[in-house]
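Pasting in a structure now, in structure tokens, and then I'll have a few things to ask.
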Amino acid sequence: MQKKSFLFIFSQAPHSNLSAKEGMDFAFSCAAFEQDVDALFIDDGIFQLLKHQDTKALQVKNHSAGIEAFSLYGINHCYYDANSLSIKPVTANDLISECSPCPEDFSEKMSGYDFIYHY
Amino acid sequence: MQKKSFLFIFSQAPHSNLSAKEGMDFAFSCAAFEQDVDALFIDDGIFQLLKHQDTKALQVKNHSAGIEAFSLYGINHCYYDANSLSIKPVTANDLISECSPCPEDFSEKMSGYDFIYHY
Amino acid sequence: MTLYICKHNISLESIPEKLTQDDAVILIEDGVYQALNTVNVLAKVYVLDEDVQARGIANKIPSTISSINYSGFVKLTEVHQRIITL
Amino acid sequence: MTLYICKHNISLESIPEKLTQDDAVILIEDGVYQALNTVNVLAKVYVLDEDVQARGIANKIPSTISSINYSGFVKLTEVHQRIITL
Amino acid sequence: MEYCLHITSAPYSEQGSLTALNLARALVEKGHKISRIFFSGNGVLNANALCVPPQDEVHLPQSWQILGKENNIEMMVCVSSALKHGIINEQEAKRYNKDHHSILDGFELTGLGQLVDACLTSDRVIRL
Amino acid sequence: MEYCLHITSAPYSEQGSLTALNLARALVEKGHKISRIFFSGNGVLNANALCVPPQDEVHLPQSWQILGKENNIEMMVCVSSALKHGIINEQEAKRYNKDHHSILDGFELTGLGQLVDACLTSDRVIRL
């Protein structure tokens, strides 16, 4: 099978809508078909990466928890945008350890992906 | 029947979603039941008030056209927020004549409405 | 005597309504993220605990904002005659 | 050689992708309102005429932005190998 | 006190419908009367009998149905939104030559006038 | 060229589905082949057979159905989104003890793998 590269960009907060869950399901499918898959969290998508999310009382599945299993699912990199983080009232310490700031020249590198999906 | 006062606040642009149409339908129903109904357009809702909207090529009904018939439907005032307008790339001349800027002390007057709905 | 239900991550200072000290605001759903910013309004501000827990920000809610559950939410709807959803 | 489809009223300068002069942007749906602002990008910018007409802003589109119909939209998808929806 | 809930959020796609369900349960628990729940806009999808959510998630349409039955609440669905979104009862299915219908038992198609009426007669109206 | 369209917008509530339909028609008119249209997320509601939009508005599910049939397009609906949103076929209706089903004839329930496959085999993939 041919191998293409995919970047999934998440810009929405968790739990209030299904957008991120849909993007993640799609990303997991791409990885299951052995494609090259990366993820990038920007804007309110930063909130997807917060530790200690506990959705038990809300009675919904915690889709954000799936992010901690990204590498298990075969997703290569889990990046966040440092600029987005800097204007949010949270810090890098509040984020799960599975993510890292994207490389400085990443906006140029983005032209190398075969597919970019915004969710 | 008792008479209550309603203010409907519209903050979204037309045609890309049904939010404003739903709010207008509700407002028309209130007016049909002889309630006191006003409307206020803020933020991207200002775009609802633009003249010359022609949805023929788009093959959808032009719900914004209903605004010109507000008084026919029994809606008392059709206000827009002058601050919102001032930061949009359009001017008062671009708006239909059926609307007017809301009174200066309107944010205080808003406490007098029995119901306020944001659409 | 109005209860504002804020369910989006939007600034309370940007709404057209004027909040007074007789009013209350309950931040729910994505509105709870507003509790992390300095909220400069006269009204008393509450957050819905279930939504705070789900979003992992329980340890970041300032002491000036009261965390309440659905039972507390009901109480707020009892004492405020007018309820506006933002 | 990327075609960006912008369907929301958001600034093209706020997206993480870097637009180059080889790229094109088509503003559709609520994206067409962006044509009313000064659009400072290297890419060539188009608007979808059907959406412009519907929103009553045909007389406000600057001459630097080309108005095209669905047939023109198809052409853009032919010449750009990569298509990203914003 | 007498409450009316006005649901405009789609189930699952948005959180508002779940919030409203939790609030409704808390209202009942505190002894309040919910006289009417009115579904309009995307909210009409809460009356869809054909939803099959994953087993470990809340079944929103079914939960609304049970809440309504147990507490004798009028469950009203805006008919114009409902038709557009494919939430139809047997009668509408016949009228429009559809072999199937989709509205959950216990929900009634009705006009927006019933929402206006609820605004005039309830002590509290809450939109979610 | 060979195109795949990926529809994630709900019909009526959002404009994306109508935009996609107009684009699809223009693609066909220009002689392009649309091999597959994949509906996921809220987009699955485009496959709802029970929608009754006002007579003077575009009937989106029906228009998609006709476009698919006339041009021999694979009309695929993401099964996990579909179940959640109440878009089910006869087989799923039986499995979950529902008396009715809702998917329009010509649409097939399938997995996201078919969308990945389309990304690998189509010349162009457009999401709306």
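As written, the chain order gives the labels A, B, C, D, E and F, with residue 1 at the start of each chain.
The rule we apply is simple: a contact is a pair of C-beta atoms (placed from the backbone, for glycine too) under 8 Å apart; a residue touches a chain by one contact, two chains touch by 3 or more.
Just so it is clear, the model here is predicted, and its values are computed rather than measured.
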item: Set of chains adjacent to subunit C and to subunit D; value: A, B
item: Smallest number of contact steps required from subunit C to reach subunit F; value: 2
item: Furthest chain, CA centroid comparison against subunit E; value: D
item: Most widely separated chain from subunit B, with each centre as the mean of CA atoms; value: A
item: Leader among chain pairs (count of C-beta contacts); value: E-F
item: Chain centre separation in whole Å, for subunit D relative to subunit A (CA means); value: 27
item: Between subunit E and subunit D, distance of the C-alpha-averaged centres to the nearest whole Å; value: 40
item: Euclidean distance of C-alpha centroids - subunit B vs subunit F, Å; value: 34
item: Where subunit B touches two or more other chains, by residue; value: 15-16, 18, 58, 60, 115, 117
item: Sequence positions of subunit F contacting 2 or more other chains; value: 12-13, 15, 41, 54, 125, 127
item: Where subunit C touches two or more other chains at once, by residue number; value: 7, 29, 50, 85
item: Chain-to-chain touches, reported pairwise for every pair that qualifies; value: A-C, A-D, A-E, A-F, B-C, B-D, B-E, B-F, C-E, D-F, E-F
item: Touch list for subunit A against partner subunit E, complex; value: 15-18, 58-61
item: Complex contacts: residues of subunit F adjacent to subunit E; value: 10, 12-13, 41-42, 45, 48-54, 61, 83-88, 92-93, 96, 98, 100-102
item: Interface residues, subunit D side, partner subunit F - complex; value: 5, 7, 28-29, 50, 70-71, 73-74, 77-78, 81, 83, 85
item: List of subunit E residues in touch with subunit A within their complex; value: 12-15, 18, 54, 56-58
item: Complex contact set, residues of subunit E against subunit C; value: 1, 3, 15-16, 19, 22-23, 25-27, 29-30, 32, 124-128
